[in-house]
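In this document, chain identifiers A, B, C, D and E correspond to the written order of the chains, with residue numbering beginning at 1 in each.
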Amino acid sequence: QPAEQYIALPSYRVGPYAAGGSGFYGGIIDYFNLVNLSGGVNGVKISWEECETEYNPSRGVECYERLKTKNGGATLVEPLSTGVAYGILDRLAVDKIPMTMIGYGRSDAANGKVFPYVFPLITSYWNQAAAMIKYLGDKEGGIDKLKGKKIVHLYHDSAFGKEPLPVLEALSKQHGFELIKIPVTPPGSEQQSQWLQIRQARPDHVILWGWGSMNAVAIKTAQRNGFPREKILGVWWAGSEEDTVPTGDAAKGYSAMTFNTPGNYPVMDEIRKKLYADGKGNLADASRIGSVYHMRGVSAGILWVEAIRAAQEKFGKGKRITGEQMRWGLENLNVDEARLKAVGAFGMLPSVKTSCDDHEGSGAVKVQQWDGKKWNAITPNWIVGDKALTRKLLEESSAAYAAEKKITPACMK
Amino acid sequence: MLYREAGQFKTSYQADGQIFPILQDRLALLALLVIAIVVVPLVASPYALSAILIPFLIFSLAALGLNILTGYAGQLSLGTAAFMAVGAFASYNFILRIPGLPVLLAFVLGGLSAALVGIAFGLPSLRIRGFYLAAATLATQFFVVWCLTKIPYLTNYSSSGVITAQPIVILGYAFDTPDRKYLLVLAVVAVMALLAKNMIRSNVGRSWMAVRDMDVAAEVIGFRLMRTKLLAFAVSSFYCGVAGALYAYAYLGTVEPEAYNLDLSFRILFMIIIGGVGSVLGSFLGAAFIVLLPVLLNVVAHSLALPTSVASNLELMVFGALIIFFLIVEPHGLARLWQIGKEKLRLWPFPH
Amino acid sequence: MNLNFFFEVLIGGLLSGVMYALVAIGFVLIYKASGVFNFAQGAMVYFAALTCVGVMDKLGVSLWIALPITVAVMILLGLSIERVVLRPLVNQPEITLFMATIGLAFFIEGLAQLVFGAQVRKLELPIEDVPSQYLMDNYNILVSQFDIMAALVCGLLVTSLALLFSKTKVGRALRAVADDHQAALAVGIPLQRIWAVLWAVAGLVALVAGMLWGARNGVQFALTFVALKALPVLILGGFTSMPGAIVGGLIIGASEKLAEVYIGPMVGGGIEGWFPYVLALLFLLVRPEGLFGEKIIRRI
Amino acid sequence: MTTTPYLSVNNVEVIYDHVILVLKGVSLQVPQGKIVALLGANGAGKSTTLKTISTLLRGERGDVTKGEVQFKGERIDHLTPNELVKRGLSQVMEGRHCFGHLTIEENLLTGAYTRTDSRAELKQSLEKVYHYFPRLKERRSSQAGYTSGGEQQMCAIGRALMAKPSMILLDEPSMGIAPQIVEEIFGIVKDLNSKENVSFLLAEQNTSIALRYADFGYILENGRVVMEGAAADLSCNEDVKEFYLGVSGAGRKSFRDMKFYRRRKRWLA
Amino acid sequence: MTEEAHMQMNEPDAHFVTTKREIGPVILDLKNISLSFGGVKALTDISFDVRQHEIRAIIGPNGAGKSSMLNVINGVYRPQQGQIVYRGEVRKNMDCYAAAKSGIARTFQNIALFKGMTVLDNIMTGRNLKMKSNFLMQALYWGPARREEIAHRIKAEEIIDFLEIQAIRKTPVGRLPYGLQKRVELGRALAAEPEILLLDEPMAGMNVEEKQDMCRFILDVNDQFGTTIVLIEHDMGVVMDISDRVVVLDYGKKIGDGTPDEVRSNQNVINAYLGVGC
């Protein structure tokens, strides 16, 4: 029996975040199936197992522990939940299993010297926040035009919502815009007072740093209070169909960050043709193919498969690689435009090149806008914010973590 | 006829006041302890230890804490997770700010901090009762988590409000592997369960139960309501605080305040209701039910090869249905079921 | 202080309060009539809304056809809850019944998502959630017309249910049941039938809440959390009072918004999570049974 | 017994909580239009017997494991209490069980829940109860939870009368009632019995008065019927006299002179 | 076993010193007590006293205010007017705790036992005011705490023997039949070794035999411990037989006070309560 590359997926498909979970993990599994249909990675098929976490850290840890030893040992894990990710953070280095945190989690984990087994791939919150400000600056006609402007940071009052604060505060000082921070108590099903405050403040822009049901409520409440949706810019967890569809027309004109350009790509076509046409697709509702979460899942799948490929190049083609080797693969990822073209996803996600210093690998994002029916990219190019600034913050923060945990920062081989 | 106390006469009140007056029970407990201390660490897989047994024990401790308050003293509370959070974050800060502080002492200090918070939030219980009190304790839940997210000092100015538990080292011995952590948690839980049982069988315990069963009468008999209730809040919060610290240090490692959300409070409440309100054993049985059943259902659902989303939803439904089923079979929880089982065993082979 | 803004916040708060009251009514209904604290109320709200949009989606029918179907489903749900959950648990301790409704909540949540899927959906009612032009033009005050309708619906519900409880024989019987199941049985109150009807009505109340909240926030799992918003309303107004639900809702809604806007910025904001509870707590210290709740009889 | 039984309990066995055996085969009959007394010490199983008949046992986790109960020739052990009340069988529970938050008058009116009569008729019944218990009329608008123990007991009895039953199970009606009213209550029982042909099964500790008004009596000990007979016969029985009526050969003894080394009645069980 | 031997075995109070019973001075003096609830006047201007060691009965029709009177005595209700003089001191704001502390114990009309606890534990709660060790020591259950627990257990067992409820020692009280619950409640009150014992219808729901038992217990307590007893009872036989003096209440007013014989022949009392032919 040929060796299989086994990946642990502590997923969630019930509860408040089920919509996001089912789309994301659906995308991952669709891509795995696609790869396996064409014979796997150099003949090594990918296998995986899911486990329901309900987005709950305690259950997530149990899932991780249960999944990690199966099928000869997991070689990668992705919980898509900050709480769960934190719960297993300490265990990864001991178990020698790398974890990706695609688009979430602690931004300073991009420092591979301190977090060798953690990969906040594509882009972290800090770089996103920096990119947001850059975009808003561009919109005003130059970053210097932000001076004297008012930007509201309307955020989910949790670790997630507070994560970008250091970056936004630093940038506000640097560029002279006023930053008004307005928290929303999770789950955020009532935001009348926040939006009245916003209306009162008359900001030029509102950054919506929300998650789950908070987003739709924010957009609806903005509408109720007559606040123009064009002035709202969402984080990428506030930029999916799940966030806009329930608001009806209220979201028209609302824009959000993304690291997946909406549109059609060969790889998505193949998924449609080879999987869904045969009833082998993972999504229960075929209309969600190509939705934001689904594409995000496919992107994750692409990066992982490329990491496997890279590791096989080094450690032996056609062989099952270990968790440590996988870690190497993730750390030496180079998914450039050519590679993306080859897998039929050019333009769908930015190119990613990682190193020991930079487990993030990109930091580039786009802005998309909701036209009432679907998302459309409104920035032709990938936007990158003030990376020097985020780098500085990252070094400080990860150094503090290393000190607290008594880790000597060093690159792994 | 195996399980009988016939022939076991107690010759002193001391013997009669024992926790397990029946010899068979004592032997069974001894066997259980030997298994838990010696056999389990040897044979159990790291998975079983670190993903099942450790959380099971920690939740049992939290459930025990809540059971002291709700089950014994009759004060329904939905703020358990908040007290756990206080315990965890206080322990973290004590270790951080007092160099060389022994970890166990930090846990105790964390528990004491939780106890203080418990006393403060227990004050309304002097006037408010039942579901009104339960809903009012939600104030604790939300307020404490809010404080932890808003006061940067408490999270050592970490930008996102996340803390990372320091490694557990006691007398130079590092508790870093699953089996060591397990033994540490087991020791803490066992000692605290014993202390709880002692309290319950002596005057404090009786004062709690009296206040629970009929507070006016308790007062007439000479229990001071304020002291009794506040003591229950303090002890309960202490237990929850220690459990919370263990949850952070021996289980999750890195935690955000959100890990101690309302959901967790509810889960612990479920544990004591399913296990048995007012029963030490019930706290353990309930924790086992709530921790293990979803895992079991998850495993079963997976082996059926159902589509994952179907499986996950079915799990939820079966879980809910089983809760209802057990309540119908025995409204007083698993501990009562166990006791009835024992009574039947005592009568066996006669039906009555 | 900007007075106009103050009034906007106040009115916005009052109207949010109405939305909370809408959920609180469901709790009061069950509690007042059976002494059960129905934890599954939130799940029922979600279930109702999801069934309605789910039926529209799957059968491709309009709202006006889906609605009666949903009504039928909710009634069926109420009847089955009585038969399967409550009947075997008559005369059990409050906390056991409470726990049973928790089990019920899990079951209903699972069932709803199993049948209709977990994705987020939109629900459009014929009335749009935009500021009322009339009030805007004439009084320069911003009030959503949707909220006005919600307030009307809520008022109607409360009035009719309050009348049911105070003026009819069934209402009296229901209050008797809440006091003592066993004695209620002994005097011949058909507990089973009454509970079945009651839960069916609670299902319909949940449907109304689900439609309004669903139209407001989208039909998604988070609808189950609106129950949390109803709790401070309940303890403030009293678990056993229909008018209490409305008054409590208005007080909580208005004060939490005012607090968030005027106190929030001073302490870092986000105080809406706990403020209503603390407020309700302060009220309780003065009146332990809430503003309008029935006095807890403690006598020896 | 010669008349066909109106209510009959046949060899009933009851277990609480799956383990506690309380009734060990109890059989008894109540003929139509008669008053039957059920006597016995504390814990003998009187209340349990009554609850078995009215099927209220289910709510207390008691199970009828053997035997059957018939009312008007129909098996009733599977019916709901509501159906029983509709068929004319009402119970006054031990320990009052008033609806604390309802006023006395509301309590009484809930008693008439199963009736479909007009308002005027209800009013009439209400007046009748008030006539029996003037004290209730005075307190009609107080919440029952705040009335005195005796007032609650009257309320519970009145509430059962409101259903216009043809058979009433009375569980310790005289408990906590002033002596005058006790006489009155039994007067009411006799009154209803003779004028409206209502049958009664009453569990009562006040044996002398119970036997005075009853036609027939059963004595229950430890879940078994140990003696039965016409009320008059029972009150002449020496043992009943000594243990239940407190009179021995020398007439009624003062409670002050009781010595604890009296003869125990262990033999009865 | 001979009857004598049986008696000896059952003799539970061999170690109690039997004192000669004599009525002492006034220990509790109630002066012009008035209490009302909203519009309901439960007690109007009532005065009476209780002497040491006596058995003082309170009788009266239902709703006369008897239970309310007991509630006033032990501080559950605070009268709007009037004075309570207890052991020569004026007690203005006596709350239940203070009352218990000063040696007043009671039983209740609607049994107020702690339903979830066993008989033994219920009786042990009666001794709580005598327990000294703090809760930390109790948690460790070691040394003095344990010795204390056992010492009190011995006392509790004495009461259990005295009331002849050995067999149900470990039964949860909720499961007991009514009559036994009343007995346990008496035990709980006795455990406090009170100076004054307030009994609210201790014999309701008992048959003659059980009433006889109960009377014997009450008389024994009164005799042997010299406990003063205030008793509410509707059974006139009992009241007339065992009490020294009787207060009669009606509609919150005192309508009679005196020895049983005096009361029995008081026309007001006959009209209001006893009825003719008693």
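Basically, a contact is a pair of C-beta atoms (placed from the backbone, for glycine too) under 8 Å apart; a residue touches a chain by one contact, two chains touch by 3 or more.
Heads up on the chains, UniProt names are B, C = Branched-chain amino acid ABC transporter permease; D, E = ATP-binding cassette domain-containing protein.
Computed from a prediction, not measured in an experiment: that's the story for all the values here.
Common neighbours of subunit B and subunit C, listed by label, are A, D, E.
Touch-path distance (fewest steps) from subunit A to subunit C is 1. Shared contacts of subunit C and subunit E, meaning chains that touch the two of them, come down to B, D.
Each chain gets a centre from the mean of its Cα atoms; the one farthest from the centre of subunit D is A.
Contact tally for D-E versus B-E: the pair with more C-beta pairs in contact is D-E. Between subunit C and subunit D, the centres computed from C-alpha atoms are 43 Å apart. Centroids of subunit A and subunit B (each the mean of its C-alpha atoms) stand 36 Å apart. Subunit A and subunit D, compared by their mean Cα positions, are separated by 73 Å. Our note on geometry: subunit B versus subunit D, Cα centroid distance of 46 Å, whole angstroms. Touching of two or more other chains is recorded for residues 109-110, 113, 117-118, 268, 270-271, 273, 299-300 of subunit C. For subunit E, residues that reach two or more other chains under the stated contact definition are 76, 108-110, 112.
Residue positions 142, 146, 149, 214, 216-217, 220, 309, 313, 315-316, 331 of subunit B are each in touch with at least two other chains. Contacting chain pairs (ordered by label): A-B, A-C, B-C, B-D, B-E, C-D, C-E, D-E.
Across the complex, subunit D is touched by residues 90-91, 169, 172-173, 175-176, 178-193, 294-295, 297, 299 of subunit C. Residues 45-47, 50-52, 55, 96, 142, 146, 149, 156, 158-162, 164, 166-167, 251-259, 263-264, 294-295, 298, 302, 307-309, 311-313, 315-316 of subunit B touch subunit A in their complex. Across the interface of their complex, subunit E is touched by residues 16, 20, 39-44, 47, 94-96, 135, 139, 142, 146-151, 153-154, 172, 175-183, 205-208, 243-246, 252, 254-256, 258-262, 265 of subunit D.
Listed in rising order, the residues of subunit D touching subunit C in the complex are 54, 56, 58-60, 80-82, 84-86, 90-93, 97-102, 106-107, 109-111, 113-114, 143, 145-146, 159-160, 163.
Against subunit E, the residues of subunit C that register as touching in their complex are 300.
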